[in-house]
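Down below are the structures I want you to see.
First chain A sits with chain B, and in the next complex the same chain sits with chain C.
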Partner chain A sequence: MNSLYMPKDSFIHNLDPRTKMIFVAFVVLSSFILNDPALQLLFLASLFPLVVAAKLVKPYLISMQFLLLFAVLIMTVHGIYNPIGVTPVFEIFGGLTFKYESMVYASVMSFRILVIGTAAVLFVMSTHPSDMASALVKWKVPHSFAFILLSTFQIIPIIAREAKIVMEAQQARCLDVKGSLIQRVKNLIPIFAPLFIITFMKVHQLSYVLECRAFSREGTKTSLRDTKIGSKDYAFLLGIVVFLTFEIYLQIFLSGSFNLTTNGLLTYSLIGTWAVFALMIAKFVIKRVQGFVGGMADA
Partner chain B sequence: MEPYISVMNVSHVYSNGVTAIKDVNLDIYDNEVVAILGSNGSGKTTLVKHFNGLLKPTKGKITIGGLSTKKERISKLSSLVGYVFQNPNHQTFLPKVSQELEYGCKNLNMSEEEIEERVNKAIELFELEDYLDENPFDLNSSQRKEVAMASIMAISPQVIVLDEPTTGQDHKGCERILHLVRMFRQHGHIVVLITHDMNLIGELNCRTVVMHQSEKVADDQADVVFADKGIMELAGLQPPQITSLTNKLPFLNNNKTYLTVESVLQSIKCNHKEEVKIATRT
Partner chain C sequence: MKKHSSFIIAMIPAGIALNWVANSIVEMLKLPLFLNNIGTVLNAIVLGPVWGAATALMTNVILALIVRWTYLPFALVGMFVAFLAYFFYKKGWFKKTWKVLAAGAIVGLLASVLSTVISVYAFGGFSGHTVDVLTAGMIASGQEIFNAAFIANIPGTVADKVLTLWIVWVILKSFPVRFLPNAKDIREKIGMTNTKKNKEKKISA
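So, the complex of A and B:
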C-alpha cells in the first residue's frame, strides 16, 4: 500500500478509525480552547505517550521536523515584529527585541501547529486508508466521496514516484537540475508538464478500471476490511470526554486565576526550538560533508 | 583497446538497504551492441542508470570515455550516454516534435547552426520530416517512442541506452526498432539494450549480459548464452522459439545454436545440397 500508513500492532492501531477521527477533532478543538502556551505545551507532552503507545516515535519525530521549521519561523518573526507586543522580554544582537505579548501569540500559534500535527500524524500513520474509507461509509458518507479521500492518500506517493522518473528522464536530456535559482525555476516546466499529463492519464485510466469493476452501481456495498467499535473505543472516547470537560472547566472557571506562562517558559521554548533547528542543520551539513569526503576518498 | 564504458567492481545499495547490484564488472567497447537480460528486479535498470550518472556507485568505479561518473555532472554525462526511457510520456512535453528534438541541444547551450545540423541528422535518421509540426501527444505510441529516441539522438551521444524499446510495440514497431539499432551501430554508436524480447536479441545476435539477483552471471555472444542451459534456467530466461525447436531436432543438431528462421533455412538448404551431391556421386 502506497501511503504513510505504518503497520504495527498497538493499542492505537487497533482502535476504530472513527474513534481516531473523533480524537483528531478533539485535539483540534482543544488546541483552540487551550489559549495559553504553557497549557498547550502540557497538552503536547500529554499526547506524546500516545505516540509511544503506537510505536511510532521515530517516524513521528522525522515528520515533526518539517512542522518545527514553521514553528521556528513563526516564533522568531512574530516574537520580534508582531505589533501587539509592548513588554520587552529580551534582546538579541542588533537591537531586535522579543516582546511578551507577541511571544505568547507566536507560541500559541506554533504549538497549535505541533499539537494538530501530532494528532494528524498519529491518525495517518496508524490507520489503514481503506479502513478509514470504510469507516466513513459507515457514517453515511457517500461511497464516491470516501473513495476520493482514499485515492488522494494513495495518489500522492504515486505522483512522487512519477516525478522522480520524469526528473531522471529530463536529466537524461541534459537538463541541469543543480543550477542557479532562476535555472531551477525554469526547470519546473520540463518536470511538471509531463507530470501533469501523466497524472491526468493515470486518473483517466483509473476511472475506466473502476467502471470495469462496477464502481458506480447503485445501492450498498460490502467492504473487504470491516471495522467495529469495541470496548477499547468506548474507553478511549470516555477519556476524551473527561479531558474535554476538564479543559472547559479550566478555561471557564479557572482562567485568569493562575498563570503558568512566564518569561522563562517563553524564552526557553524559543531557545529550545532554535536548538533543535540548529541540530537539524548540523546533521544535514555533517551528512553533506561526509558524502563529499567519502566521494573524494573513493576517487 | 580502451573500453568506452568501464564498470569496475560496482555495487549499489539503495537508501532503504536493498542491494540492487553487487560487484559487477563490465567493459563495453566502441561500436558494440550489448543486450542486458534478466528477470524483473535483477538489477538491469540500476546498472544502466549508472552509465549517465543518474545513480552513483556506492562501491567501485565507473568511467565513461575516461571520465569518472562520480565527479561529472549528469548533464555532462548525458551528452555522452543517451538514455531513452521506457515510457516516452516521461520525456516529451513540448508542443511540437521539432522543439522536442532541439531541447537537449539547447540544454547543452549549443550554437544555432550546430543545433540545426544535429537535429537535421536525427530527422533524417528517424524519417520524421512529415511530423515536425505535430504535437507529440497526437502521435501514436510507436511514433511517440521514435520522437523520444530521436530527441536523445539529436544530442548525438556516443552511447545510446534503450530501456525495453519493444515493449508495447506492434510487429512493425519492433522491426523498426531492430532497423534503428542496426543503423546506430552503422553510425558508430554503442547501443545498450535492456529487453525481455528474445527475438530481438536473436535477430541481432549481439553480446549478451545476463543479470540474476543483482549479479552478472553471463557475458557472451547471444548464441553462446542461449546454448547454456544452466544459465538460462538460473536466470529464468526462455530463448526464442526457433532456438528451442531446433535444439530438439536431431537432424539439424550440428552443435550450432540457431537464433533466426533464416539461419535454420540456410542450414537446411546446405544439408539438402550436400545430400543431393552425395546422391549424385553414388
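So, the complex of A and C:
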C-alpha cells in the first residue's frame, strides 16, 4: 500500500523531507500562536499558494472534504450551544441564536483543524515514504523505527489479502455471515484465529529474512534513496523563520490594537462552510442518483 | 529481549496490519464495532507493554499518514489500552471468562474517558466517526459538551474493548506454542496450566 504520495515534479516535492517536517511543526505551532479566527483564515489562505506550487490542488480538495465535515459540525453545534457565548450575532429559524464568543471559539478550533490538515496533506502527498524514513534516520531516530514505518506500508496489503482468503475459506465452510448479532460476534473467532496464526508465520519468515540480511548488526546502514539539504531548503527555512518572527511580533506588540474579527466575518465563514458542505452533499446525491439510474438502465 | 529483537521489529508492523484489517472483517460481518486495538492488545501481551504502546502509536501515525491527521491525538488512547491490557494480564485476570470480560469493561470505561477528554480538547467533542451525529444530537438536547461526547462514546467503546480482550484471550488459548517467543509464561498467565481440566486431559492422554 502506498501512502497518499503523489509523484510530481515541483518545488515542494524537491525539498528535503526534514525541511517539510520542520514546516509542519511550524504550521502546528503558528496555528496555536495565531489565536484569532481572522488571522487563522489569512494563514489558511496564505498556505494555499504552496498547494498550487506543489501541483496538488485537486487531491488536496478531495482530502479536505472530510475535515470540512468536522468544521461544519463544530461551528454549528458550538456556535449555538456552547455555554461561553453571551452576545447574540444572528438568529436562524426556531429561536436558535449564534453567539459571538462561542462562534470565535468554534471557528478557531475548526480553522486550526483545516490549517494543520493543509500542512499534513502537503507533507504526505509530496514526500515518498522511503525519503521520510531516511530523513528520520538522519535525525538519529533508531533505524528499527524507520524500518517499522516502511515495512508497515508493505505488510498491510499482505495481511489484508490473507484476511480475505480466510474469510472466503470460512464462508465456503458454511460460516454464517447473516445470522443473529450474537452468532456474528461468535463468528469473529473462526476468522481471527487463522488470521493470527498466519500473521505469526509471516512474522517469523520476516524475522528470519531480517537476520539473514544482518539487520541486528551494529553500525551505520545506508539507504537506496538519499536526501540532501540544498540552497532551496535553506531559503525555505529562512522564510519560515521570518514568518514566525512576524507572527510573534503581531501577537505580542499588536494584539488588541486592531481587531479583524467581526460579526460579518464569522457569519460569512459559517455560511461559506455550509455552502461548500451543501455542495458536497448535492454532488454525493447526484452521484448516487446517477448510479441508481444507470443501474436501472443496465437492468 | 536482545535475542528476539528482529522478531519484535517484524511483529509491530504485523500488529498494525491486524489493527487495520480487523476493520474490514468487522465490516463484512456487519457488526457495529471497530476492533481497532486487537493487534495492540496482542502485542502488549506477547511482546510486553512498551512494544504494545509502540504498536498503538505507530498505528495512529500510519492512519494519520494514509487517511487523515485527526487520528494522531487518539494514539494516547491506544497506548493506554496497551498498558492496561498488560496490567490485567500480569495480574492474572486472563484466566476466567468473566474476569476477562470485566477487565475489558474497565479498559473500555477508562479508554472512553481518555478519548472523550482528547476529542473535547482537540476537536470540540467530535471524533470523526458516525457517533458524532449522536453527540451533536445530545448537545442540542441540552447536555454539557463533555457529558454528551462521553455518553455517546461509552457503549461502543466498552463493547469494543470487551470483545477485543475476549477474542485475543480465546485465540491465545488455542494457539500453537511454537510461534510464541515466551510461550511458557503466556500459557501460565492465560490459565492453560494448573487447571483441573488440563490435568485430567494430560492423564487421559
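Please note the rule applied: the second predicted complex is superposed on the first by the 236 of 299 C-alpha atoms of A that agree within 3 Å, B and C clash if a C-alpha of one lies under 4 Å from a C-alpha of the other, contacts with A are read in each partner's own complex, and residues count from 1 in each chain.
Everything below uses one rule, namely that a contact is a pair of C-beta atoms (placed from the backbone, for glycine too) under 8 Å apart; a residue touches a chain by one contact, two chains touch by 3 or more.
For clarity, every value in this text was computed on a predicted model and none was experimentally measured.
In the superposition on chain A, A:K55 makes contact with neither chain B nor chain C. By the touch criterion defined above, A:V185 reaches chain C but does not reach chain B. In the superposition on chain A, A:E168 makes contact with chain B only, not with chain C. When the two complexes are overlaid, the chain among chain B and chain C that reaches more residues of chain A is C. Of the two partner chains, chain C is the only one touched by A:A120; chain B is not.
Shared-chain residue A:H13: touches no atom of chain B or chain C.
Of the two partner chains placed by superposition, chain B and chain C are both touched by A:I197. Of the two partner chains placed by superposition, A:K99 touches none, neither chain B nor chain C. Where the contact sets of chain A with chain B and with chain C meet, they give residues 177, 189, 193, 197, 201. Across the complex, chain A is touched by residues 49, 52, 54, 61, 68, 70-71, 73-75, 78-79, 82-85, 87, 89-93, 103-104, 107-108, 137, 151-152, 155 of chain B. Residue ranges on chain A touching chain C, taken from their complex, read 1, 3-4, 63, 66-67, 70, 73-74, 76-78, 80-83, 106, 109-110, 113, 116-117, 120, 124, 129, 144, 147-149, 151-156, 158-160, 163, 167, 177, 181, 184-185, 187-189, 191-193, 195-197, 199-204, 206-207, 210-211, 215-216. Across the complex, chain B is touched by residues 162, 165-166, 168-178, 189-190, 193-194, 197-198, 201, 295, 298-299 of chain A. Residues 5-7, 9-14, 16-18, 20-22, 24-26, 28-31, 35, 38, 42, 54, 58, 61-62, 64-66, 68-70, 123-126, 128, 132, 136, 139-140, 144-145, 163, 167, 170-171, 174-176, 179-180 of chain C are the ones that touch chain A when the two sit in their complex.
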